[in-house]
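Every chain is named by a letter (A, B, C, D and E) in the order it is written, and numbering of its residues begins at 1.
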């Protein structure tokens, strides 16, 4: 079961950013998206996750296979770490939160309120949440922001485990995750919109 | 060769380009004739005195204000069903005209109310539901202004317009139940009891016609500007990307 | 679904969750009015039912933007959108949670505050009835408005502006019911209408809200 | 200093800046009251001055938490604290900006809304005077409350509760002034007291606010 | 003119995190703070910048020499990039914003609203703001988060320029900034609070 993206072009604020984006990710594969700031990585990931309509082209992916983890971690500062993660587990209809918690060494923080976490701890919680969704395709936007080296390594192992279990991940990042050759790298610069295409609905006016 | 072809912005621009000048002339004629006739060639009302002449502005503007919303409702439905940009942009343009008309009706009404009822404002059903209509217009326009993605804005405002219409009718009943008013009934209704006397009737008809045409003209012009703006944005985007 | 409901309730209960917010605001309005209008009990008790209803409605209005705004800002809403929950489910739960944390407390609080305004004996019963029947409509309608303004930065103002006219019928019948009841007049019509509005709105509006929410999250 | 003022005004003007917020809310209150209380003009015009004052005060109360909360959330306040501006300067500017974007519009709007409540002729003059004299006090006091609750997540509720009692004297004299003026009674005492409160508060409170702010940012 | 920190201990949420922190930073020097997530880097930096009272020990630094740039960039989403930066320039009584803007290649974004920037662009604006403060001591908390390689390099050059101009910087980061030996590295793990000290004000109750 692979995800196939064909000739996709995405736009933000009326401007087309990327066009002709084409790739496919098979089960068990990871794809790393690279590109300078403001190129359109976040926009692309959101379109892949179905949070934004693509201009043209299509994304072949079962609606409820994808999960998106962006710059915001969706952590409630008044809920404890456990409550936060349990909630998402129940929403996605899974149950085993222990694995997720121990994976990111959150064990001794489980009863602390989300608002009392440090930047990196927050991010770790955000990543742990991914594991309880039970989704196959992970769209990760700069997942390792403000993580220390140990945690980055942990993240890599998590990804490997996920791939081994037949999952896939599409990761936009600026740093080297040390995934080695478990992941191909795709440089998005090649897709930067050159001939400025117009938003489909704008076309109608010409 | 269906009528829908004019939903294409470009075609619409051509067609409306022809209509606008003509409609402008006609409405101007009606307005001038109607208002002149109304203001200078009719006697003062025996009990209202000359204040009655506000009717030539008040009633038409009120009528237009109300019917503008109906037009918006239809246009919004068309957008949601057939996704024709022109219709939703027309609705947007109409809302701007409508809100002004509402304001005119409110103000002329208030001016009229002072001599007639001895008060600027009364929570009479008609007046109240008009105030509510005014709020609906404000909300609709504000929502348009608040969203930067034009298509999202179109969808949201259309839904608002539909839901709003339902609630507008609802509150009309609510208000009637809430307070029995002192405001005139429908003066255009054909039964003689309600009917305002013919002297006022025909000039009134003229100026109503004039206002309606005026509304059409302004809406068309507004729509054209909206379309042009979108064109300009599109072209610009194509330029710099 | 249940998980979402529980979470929202829990969030509301926690410090700063705004559970008290609406109550406090209700209290404030009712306390301020006598200072503004003057102390004559005769006058106050005449306007008491109306003021109570207006206060409850305002309290409701102000708590609306918490329905989605918080979840939107911290990215939860994106996740919910990609989650298995249907949009209809989300909006229904949200308005239910809103009613439980806002409407219900208001209903229970109203009689207490009625004392401050010298509400006549018979009034207490009718205030409770009218609010109990009316507030669900307020929550559902409010959810629609909130869904419309999701994603608009600080859409609070716009939200209240949009919702205000939608609230009018409910307010009219509700307040009318309370007033007539207090004065011992016949209450069947307003009661019937109010109940009708609540039922109709709860049955229909969630679909509109869901549609709007989808548009906003796409 | 000026830069801060300009920025705050600009922020308020921009979309969603909440400039209209207070006005809209004022409008909402005034429009809702008749629906609640009933349409009789006699009754309405009697409570008009009070309602106008309460409405203005509520509108003010609601805009308070924007004074510092926004700057705190996005980290601007930390930077301002380490900047050369003295805390006294910051709070003064903040309350000035708040008055310009909230109090002043309310003053100008009040007579228009007075029409809806059938405010008697004489009332217009006095509503403007009383609000013009009173609202600065509201802004300054409000800034103090806002400074107290900086850093408390969603401190909105707490803020209103803290400020409410502080507002009572202003409200009493303000509303009294408006009412007496409207009824053509002698207005010297309330006017004098109201002006006194405003002057005193504006002279003293900023220091308290500054102290509190410093404590909160340390 | 150096900054001297002696036997400092900082606490957050009632728990002492670091104790006995001692170092000094001379003009023209940069100090890089390292340590795992949740160790107390942010807390320490805030104390150094005077945004939080230290438990014991002291920080010798002229009040208005330090500027702190934390996880939040203090960007107003409704103001344009230029307005944002001009404001800070005027607050700190400086005027030259051109240098700051061009340093981070914000030139073609100056008229875009802050809310319409991508993650990295926001952060670049946040850094550009540092340059207009005209302060000597920069306390930077994970400054390079979500910056692409080019921008990180830019950041390094900015720091070097700042040092060359006699300024100093204390930077908490998990990645390698490529400052080479312009900067000493201080691993804070050695200062982790061992014997659970109590907040001074708690002591009073014993």
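We adopt the following convention: contacts are C-beta pairs under 8 Å (C-beta built on N, C-alpha and C of every residue); 3 or more make two chains touch, one makes a residue touch a chain.
Source: prediction; values computed, not measured.
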Farthest chain (mean CA position) relative to chain B: E
Identity of the chain that, by mean CA position, is farthest from chain C: E
D-E or C-E - the one linked by more C-beta pairs in contact: D-E
Cα-centroid distance, chain A relative to chain E, in whole angstrom: 28
Rounded Å distance between chain A and chain B, as computed from the means of their C-alpha atoms: 49
Rounded Å distance, chain A centre to chain D centre (Cα mean): 45
For chain B paired with chain D, centre-to-centre distance based on mean C-alpha positions, whole Å: 36
Residues of chain D whose C-beta touches two or more other chains: 15-17, 31, 35, 38, 153
In chain B, residues with contacts to at least two other chains: 135, 146, 178
Interface hub residues of chain A, defined as touching at least two other chains: 13, 71, 78
In the complex with chain C, residue positions of chain B that touch it: 132, 135-136, 138-139, 142-143, 146-147, 152, 155-156, 159-160, 163-164, 167-168, 170-171, 173-175, 177-178
Contact footprint of chain C on chain A as seen in their complex: 49-53, 64, 66-68, 70-76, 78-79, 83, 87-88, 90-93, 129, 133
Residues of chain B touching chain D in the complex: 110, 119-124, 128, 131, 135, 145-146, 178-179
Residues on chain C engaged by chain E in the complex (per definition of touch): 153
Of all residues in chain D, those that touch chain B in their complex: 15-16, 31, 34-35, 38-39, 41, 44, 115-116, 118
